[in-house]
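Heads up, the next two complexes both have chain A, just with different partners, chain B and then chain C.
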Partner chain A sequence: MTSLLTILFNGLAYGLLLFVMAVGLSVTMGMMQFVNLAHISLSMLGGYVMVWAMDAAGVPFLVSLLLAFGACAAFSVLLERLVLRHFYGADDLTQVLLTLGLLFMSIASVAFIWGPAFKPVTVPSWLTGQFSLAGLQLERYRLFLLVAGGLLTLVLVFTLERTRFGAMVRACVDSRRAASGSGINTDGVFALTFALGSGLAGLGGAMSVNLLSLDPNFPLRYLVYVLIVVSVGGMGSITGSLLAACLIGVADVLGKYYLPELGGLFIYLLTVIVMLWRPQGLMGRAA
Partner chain B sequence: MARMQISDYFAHQSRWGGWEYAFWLLWIVLFFVPDSNLVLLTQILIWGLFAMSLDVLLGYRGIPSLGHAAFFGIGAYSAGFLGKYGWTEPISGLLISALITGCAGLGMGRVVRGLHGVALLMVTLGLNMILFDFVQRSTDITGGDDGLQDIVIAPVLGMFRFDMYGKTAYVYVLVVVFIVTLLVRALVNSPFGLTLRGSRESTRRMIMLGAPVDRDVTLAFGVSAAIAGIAGALLAQTTQFVAPEMVAFTRSADVLVMLVIGGTAVLYGGYVGAAVFLVLRDVFAAMNPVYWYFWIGLLLVVIVALFRQGILPKLAEKWTRFREGR
Partner chain C sequence: MPALGAGCVCFPTTFLSQHKETTVQLPIQRRTTIRLVVAAAGLAISAMAMAQETIKVGLLLTYSGSSGVGGQLADHAIQLFQKKYGTTVAGKKIEFVKRDTTGPNPEVVKRLAQELIVREKVHVMIGPDFTPNVLAVAPLVTEGKVPTIQTGAATSGIVGERSPYFLRTFFSIPQLIRPLAEWAVKNDLKKTYVVVADYGPGHDSEAQFNKAYTALGGTIAGNSRVPVRNPEFSSYMQRIKDANPDAVLAFFPLGELVPQFLKAYANAGLKDTKIKLIGTADMTDEGLLDASGDTSLGVITSGPYSDAHDSPENKALVADFNAVASKIGRFNASAVAVWDALRLIYDGVAAQGNAKFDPDKFMAFTRGHSFDSPRGPVTIDKTTGDITQNIYIRRVERQDGVLKNVEMVTFPNVPAK
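Our next item is the complex of A and B:
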């Protein structure tokens, strides 16, 4: 029983991490139907920016997380204005191939700039080691992930449901044409959403460095997870992504603990079943 | 203008063009060129065949698959197991592998035929990942990361032993690739092929014309998978080694890239794409073994941005314009 609770705790922490990395992609895909595989490259970029800031510039951990967020958001604006926006009207496959090309380029560029080796990070001492809670031995860093991820989710949901900007985003996801017709600057909304989503991807990547290992092949390892979260959750749905991320996180940790010989099989099977049962995702609307 | 008879239409469609002769002649000439890199050329043929198998699905039917390496891998492992456990005759081994992979393809087609867009991509990708995981983890059956070793392949037709220089391998692969390409050529120019293209353009209209659209998707998956299986089996037989990497998702992505570089729905696009991709990879990797992916990525971006329809259709278009201009 205790181990099950520990697994649940670890799985949820992992799931929230995936959520932070994937949510931006979900919203932009729901809004523009733009398939951006290079989203995961921004997570890697975030990780490297954080490690670089801490090692080379001596920036404290929490500040470097914010730095990762800012750097990725800024970089994504550049990317969107220069490259991606020319391909909004293109078909799915063109977008997949274009962003796959960008992903390959990002891997090689990161290897060139920061070297191909694995990058460790030293988190502050208050985040290392374990603590006990009701007889359970839990890792402090995972608790940090859980708290930070939970707070981010609350902020996101509040922004989307309660602010003017959130209403615009929801309107654009529902129908870009109708939103545009009622006077919303959809391009502007999209650009801002894209930047925020990319910033979150970077933040998620930075938070993941201590848990997942960071090297130039990071995008190839985690691209599939992010895609799974987005498609299982349903494009454009934040709650869907949250649900899917937690489900995948817990299923992955559970599967690896109880059935290690099956490895990643568990989540792929889950994905295939969900997609066959509900092609639009758990919380997605039918096309 | 007189109305074309239907039989005339199909005859016209399947007439051989001069450059097709040139294409196959080139492969024969390359064999006799001294010091030609036969290993690389064999790789190009195998990858080209693999890309053509995806073309049946993507180019002619308009269904993308992110999991085509699954079929390549099933074919490779089938041929590998046959060779390892005593069935060493290569040609029958190839046919058995094609049959097994074809059945897997029919099954997959039956499962995914109702899906579109992202869901379709995710299910094909997911099934690919499941297979990869299974292959990598079942170390007692597949040898895991060490790969399947001790594969014995008898001489082709009892006469031609697979030699160190890859001469037998090259000729064997070229002949198989030629025959399969002829079959695919006949298939895509047949009424069935026309139906596939029709469904690609407008599924709804084809349903109204009474075409069994769903059944055709299943069949297209089966055919495409069988060809991919032959490509995988060829690789297993000529290298006498099978590794889980043959099933990996990156292979699915690579083959998609090759096909798009070369051009979809033009039959030879896959070969051109495979040649460009593999030669460039060789060149870039020789320049720098770590960063060559950057150039492949850049190539992909440029191709997608500038000539989305691929190299071969672009050249064909230029050629037609040139001839009309005269």
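Our next item is the complex of A and C:
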């Protein structure tokens, strides 16, 4: 029983991390039908910004996380204005090829700037080691992921459901033409959403460094997981992404614990089953 | 070069002119002169060609991608070696032709090997790294009769089996696993949990360890095979905790899985228990130690080479290397394998003297050849061409602020099989 609870805890923390990395992609895909595979490169950028800030500038851990968020949001605005917006009307294949190219460029650029080796990170001592809770030995860093991920989810849901900006975003996701017709500056809304989503990707990437690992091949390793979260959750749905991320996280650790022979195959099976049952994703609406 | 050419020309021309004068009666002076000039020119050209014969060494290593550091380290090792021992052997110039394998990529590597052998006409090859790449080039190497020295593939059953032209200066998995199992049993580690990456060399390590360890009386407490693309280790850590072993044997390919595993191991609190973490040299390779950081402290591995190996040659080599390449990485087991591959090539070419390079004579010489490597004494096995070397049991410690594999126990002259 204690094993099961520990594993659930680990899986949820992992799931929330995936959620933070993927939610931006889900919203922008739902809103603009723009397939941005380079989203995961922003997570890598966030990781490098954080490690660089901590190592070279001596910035404390939590501040460097915010820096990663800010840097990725700012960089994505540049990317959106200079490159991506010219391809909003393009077909899926063009978008996929373009952003895949950007992804490979990001790998080469990062290797050139920061070198091809793995980048270690040292988190503050209050985030290392374990703590006891009701007889369970749990990892402090995963608790941090759970708390941070949970707070972010609340803020996101509140922003989308309760604020004027949120209403505009929802309107754009529902029907961009109708939103535009009723006077919403859809370009502006999209740019801001894109920046927010990219900032979150950077933040997720930065938070992941201590749990996963950081090197220039980061995007190739984690792209699949982010895409699974988006497609299982349903494009454009925050709660869907959250549900999918937690499901994938928990299923992954449970599968590896109870059915180690299946190894990493478990989550792919789960993805196939969900996709057969609901091709539009758990919370997505049928086209 | 010109002086040598001229010297060679003089002797045969005088000899020729005497010869002509005695056998040909009353030769026409002018014709003889022309003949002499032609003969002299021809001889001069062939003499110059003799002096300039080059030995082409094909390098099939990874220069880009996630393992790209390996190729760059090899390049620096080669530069350093040539600086120390020169660029010519027995009057033959040693030249290198590089090809980038980009990683475990058998189809690409097959094409590159063909290019090196057929178009570039290389005499010897170093590489390729990664077992699947080695298997792909085996038939080409045999057909082209190109001695090929493995510096980065550790699977058993390649060298001495797949091609008669394979040699290895790296290490083999059983060569590391057997001493490790012996050490574990001697040090009262009776129950071991085995975690390996779910691919060929991982299965190889698992099987070798199970065999050696249980034969010595150890018990396998459990085992896990981890997918090669695996970002999340917590379930495996929980399985280890449940099994409560004396030791954990871990095997992962050089790459992201090693620091990930070590981090997960520390985060799960296993590092603070009495459980000992043991593994092959890959777990604490000098190329990964700094990235793994303190999570690798205390890890016990068996390996052929540590940059902390205590010998004057090694200390000088590491100092020279760090002076030029410390930004790229640290001297490690594959860099020393490249270093020793060059030693084999230099010794093998020198042994053939002025004669044209003969691959079979090269193989006959190198098999059974012993020499002093920066890692200690090594011998290339007479029948297989694989390496026999000392295997050290090391522990990761921090020395002068740097994480190092500190050698504790030496198993002398361990064969590869």
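Here is the rule we use: the second predicted complex is superposed on the first by the 287 of 287 C-alpha atoms of A that agree within 3 Å, B and C clash if a C-alpha of one lies under 4 Å from a C-alpha of the other, contacts with A are read in each partner's own complex, and residues count from 1 in each chain.
Here is the rule we go by: contacts are C-beta pairs under 8 Å (C-beta built on N, C-alpha and C of every residue); 3 or more make two chains touch, one makes a residue touch a chain.
Since this is a predicted model, take the numbers as computed values, not measurements.
By the document's definition of touching, of the two partners only chain B reaches A:Thr94; chain C does not. Legend: residue contacts after superposition of the two complexes on their common chain; A:Gly264 is shown touching both chain B and chain C. In the superposed model, A:Pro60 makes contact with neither chain B nor chain C. In the superposition on chain A, A:Pro116 contacts both chain B and chain C. Once the two complexes are laid over each other on the shared chain, residue contacts for A:Gly181 go to neither chain B nor chain C.
By the touch criterion stated above, A:Met235 is placed in contact with chain B alone, chain C being left untouched. Annotation: chain A residues 111, 116, 261, 263-265 touch chain B in one complex and chain C in the other. By the touch criterion given at the top, residues 29, 35, 83, 86-87, 90, 92-94, 96-98, 100-109, 111-112, 116, 220, 224, 227-228, 231-232, 235, 261-265, 268-269, 271-272, 275-276, 279-280, 287 of chain A touch chain B in their complex.
Those residues of chain B lying in contact with chain A across their complex are 58, 64, 111-112, 114-119, 121-123, 125-127, 129-130, 133-134, 136-137, 249-250, 253, 256-257, 260, 290-301, 304-305, 308. The part of chain C that touches chain A in the complex is made up of residues 65-66, 68-69, 198, 224-227, 229-232, 234-236, 238-239, 241-242, 256, 259-260, 263, 266-269, 272, 287-288, 290-293, 327, 329. Residue ranges on chain A touching chain C, taken from their complex, read 3, 6-7, 10-11, 14, 111, 115-120, 122, 128-130, 137, 139, 141-142, 210-213, 215-217, 221-222, 225, 249, 252-257, 260-261, 263-265.
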